[in-house]
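Shared between the two complexes below is chain A, which has chain B as its partner in the first and chain C in the second.
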Partner chain A sequence: MDTPYPTTATLPDWLDPTPWLEQSHTAADVRHALGTESPNEETLAALLSPAAAEFLEPMAARAQALTRRHFGRTVQLYVPLYLSSWCSGGCAYCGFASDRQTERHALDYTSVAKELDAIKAMGFEEVLLLTGERCPKADVDYLRDCVRIAAQKFHNVAIEVFPMAEEEYRILAEAGATSVTMYQETYHPETYDLMHRWGPKKDMLNRLEAPARALSGGLRFAGLGALLGLSDPQYDMLALYRHARHLQKTYWQAGLTISFPRIRNEVGGFDAPYPVDEKMLAQIIFAFRICLPDVPLVLSTREGAAFRDGMAGLGISKMSIASKTTVGGYGDAGSEEGQFDVSDARGLHEFCDMLRSKDLEPVFKNWDSTYR
Partner chain B sequence: MLKLGNIEFNSHLILGTGKFSDTETMIRAIEASGTELVTVALRRFNQDKPDDDLCAPLAQLKNVKLMPNTSGAMNAKEAVRAAQLGRELSGSPFVKVEIHPNPHHLMPDPIETYAAAKELAADGFIVLPYIPADPVLAKRLEDAGCAAVMPLGAAIGSGGGLSTADMIKLIIRDSNIPVIVDAGLRAPSEAARAMEMGCDACLVNSAIAAAKDPAGMAKAFAMGVETGRTARNAGLMPKSDIAIATSPLTSFLG
Partner chain C sequence: MNLTINGKSHEHTGNGSVIALLGELGATPEHSAVTVNSNIIFSRDWKTFKLNNGDAVEVLTFVGGG
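Up next is the complex of A and B:
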């Protein structure tokens, strides 16, 4: 049967993690990785291995030292605003997938402005605008106008939307967007095909190449990630690392961030085939900090308060807080159902107090609109 | 294997050919080093006076390719002209872009070097620029089409070793093209260290030419480069860096 989208992609050589998955690791390999001066795929593979689970404390110590060296005692804050829950995608794990029986909303421009004003009044200077997959209710023109509104109010406007062409990214960059977040969800081709049941998101390589197109199109920062739980985390995390390194070497002027979204079976309606518990998530974050010492690592309110408090400054250097995953929700407008459940529902002040109690400074503004 | 442009080399040592007491000593050192690539300044080409010419004796060496360099050029324009003349006379596609307008410290001019390298790469040369150990300049030159970058370890002829090691490590980390340490190396152990750090090759001149026994030192540098490369591939034992915190950082994980 002909399909407009390739169903099973083959990973390009620069991304394929399989050579490092075939190796088994001992405690000696983990010690070796922990002390290396030039981390690479081998280092990450060792630190992600089951053998490294016994080394969480020394990994945390090294992750904390590196985080302090590169980011000081600061944690950068941002907040997401869901613009629309309309979606053409068929992601098996998502509350906004097009087959879900949920009321759909898209904020009109007046509501967008009101929501952004409410967020601004909280003190944020970085806002992340989100939509689902490309659809007529939330297309590039709509996004461009929303970015323009946001850019009048915020220094840093990030977008987490559908993959676009380079020219479309350029339109958004010119409208004032500085950052793009594009999670690959999973780098494992067969799993990707299984999880993305229909729609343009079936085209795995199109998504994979989107951050590069965004950077070519004038966005300054690209956020990467994989949705932990969909596939073997070692496979996905090694491919994520390789993706980041490839972009660092190719788009050497671009800033990267890496996020660690995780499907939590206990709070969602979807059972992850490869569940990742908190210990494994911590191990993954420590490993990334050690292997990418100067890349901001991000943790959202998908995670609970105790875990987030523990990880702040311990590898993690950027966090969202006071987040709504409903469409709107900060001002007057707001839908009832969110894309996923927020596990850390604390308010901004409470969260900042926590950071300060750990000798960490919450940073709201770390960019200036002069640069766009 | 060292790959520069489309040409592969077994040796990871490149020799400079200035500063030798005589041509015969230079040739013996080159042979002892096992190098397959030598750089020679266009200003040392002298077809009219064979006993003053460095090009002809080097061109006769089997298994050794020539890389004319633009040493003496004050700016990009002069370097481009020197490169074109060097290609015409030597037939070599390689050029080492070397522009150091200050005749005393001989520090490379990053602005003129970039301009010349970009023009020469567009003209089909296999361009190897000699540069300050600057990670941003290195990426700019990679984008401009250079076949390698050659950051200095220390000032030319200074024997200062790898005083720029931290910057060179940053260059190596993000480079898609070979990184060759050029200038500053005094001892073979420093060449070994450069290779252990992940450099792809070393370019040495003064340390060999000014040694009591240049051929002996050339052989020692070849061994140093090879030792460092072998060690890098074998995987160096890391420095012990595993401190156990007295108050556990991970107690929140349960």
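Up next is the complex of A and C:
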């Protein structure tokens, strides 16, 4: 069947990680990377290399020092709200893909307001609104209205939705959206093509350029990430770093965040072709903290409580908690099937107590919106 | 001595070294990282570093296998 979306892409030169993947790294390279004050691709490649696996402790110590220097002893908190599970997409790893036999839901505006009130009552000041691919039940008009409702109640309204045109991002920014999260999933073109079996998401370059369009359209923060497990993590993490540096140079006034989602089980049973264990995930997080010292690094409830507790303040400075990955679920409306399984199911208070026991301060908002 | 381990109170009966504590907890040293009062204690110091009554210890055990 012919698809209307471009399926094969080559990475632009400014993103291509291959020059750094071809080098092998020694313990001396890792030591040098640990000491550098001006990190670059070379630093990250050394810290992601097998040689660096023996340096996890010094990496953790350096990551912790940098996290304290740039974020103090704070951890910023947010919570996701799934607005809709309707999706025409065919992502092999996702519980909302259109071939999954799950019931579909979309919140109406009354339910959106109720869910947001319930989230607000928990104490959150930042909410992340999510949908699947663009579809009649969840299009830009629907999102604009949901963002408007959210912006009346929250300081930070982030969206994790389908890629849009700059003009559409502008509409959402004017409605009060402050951040956009757009994970590339994988930067490896062949893997990307394989994982995105059908739908608009097949267009890899369109997704790649979406964060830049969002920042041009007036969003202030862009969240990047790759879904760990889909492809060679060294390839994906180097490309992710280059993507982040490129946006930092082009949109120096904008803020970035980087997340480290790792594939977990979902309905439809997907096995990660390149499983990433916790040790490697920790190495990746420390490496990013060292190479992007002032960028907030995010860890969601996909990860288990013990790992999250360990990483809080050690590299991670932003976390979700009390998350539902079902549509709604905070107020009285809620669907059964989630997009993925939550591993850390603790409530907000228990989580904040844990942070405080480690001398970390939970932070619910990091800036005031004086105009929007 | 009484320690707080990963947020929970724990009575340590060994010699007060990190390695003794890991043994007592049944943690695999090769897969663990340890902080005491939020400072990372390097594994090369686990035999000699002495814990004190009231210390807050975090034992981060990495689960292998993805």
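Just so it is clear, the second predicted complex is superposed on the first by the 363 of 372 C-alpha atoms of A that agree within 3 Å, B and C clash if a C-alpha of one lies under 4 Å from a C-alpha of the other, contacts with A are read in each partner's own complex, and residues count from 1 in each chain.
In this section, a contact is a pair of C-beta atoms (placed from the backbone, for glycine too) under 8 Å apart; a residue touches a chain by one contact, two chains touch by 3 or more.
All of these numbers come straight from a predicted model, not from anything done at the bench.
Aligning the two structures on chain A places chain B and chain C in clashing positions. Applying the stated contact rule after C-alpha superposition, one finds that A:K279 touches each of chain B and chain C. After overlaying the two complexes on the shared chain, residue contacts for A:A322 are found with neither chain B nor chain C. Touch criterion not met for A:A150: it reaches neither chain B nor chain C.
Of the two partner chains placed around the shared chain by superposition, chain B is the only one that A:Q248 touches, whereas chain C remains out of contact. By the touch criterion stated above, A:I159 is placed in contact with neither chain B nor chain C. In the overlay built on the shared chain, the residue A:T36 is in contact with chain B alone; chain C does not reach it. Judged by the touch definition given at the top, the superposed model places A:G310 against both chain B and chain C.
By the document's definition of touching, both partners, chain B and chain C, reach A:L56. When both complexes are overlaid on chain A, the residue A:K358 reaches chain C alone and has no touch with chain B.
The residues of chain A shared by its contacts with chain B and with chain C are 56-58, 60-61, 64, 278-279, 282, 306-307, 309-310, 314. Put simply, chain A touches chain B in their complex at residues 31-38, 55-58, 60-62, 64, 248-250, 252-253, 278-279, 282, 306-307, 309-310, 314. Taken in their complex, chain A has these residues touching chain C: 56-58, 60-61, 64, 229, 262, 272, 275-279, 282, 304, 306-307, 309-311, 313-314, 353-354, 357-359.
For chain C in complex with chain A, the residues that touch the partner chain are 4, 6-7, 31, 33, 35, 38, 40, 42-43, 56, 58, 60-66. If you check the complex, the residues on chain B that touch chain A are 139, 169, 172-176, 197-198, 235, 237-245, 248-250, 252-254.
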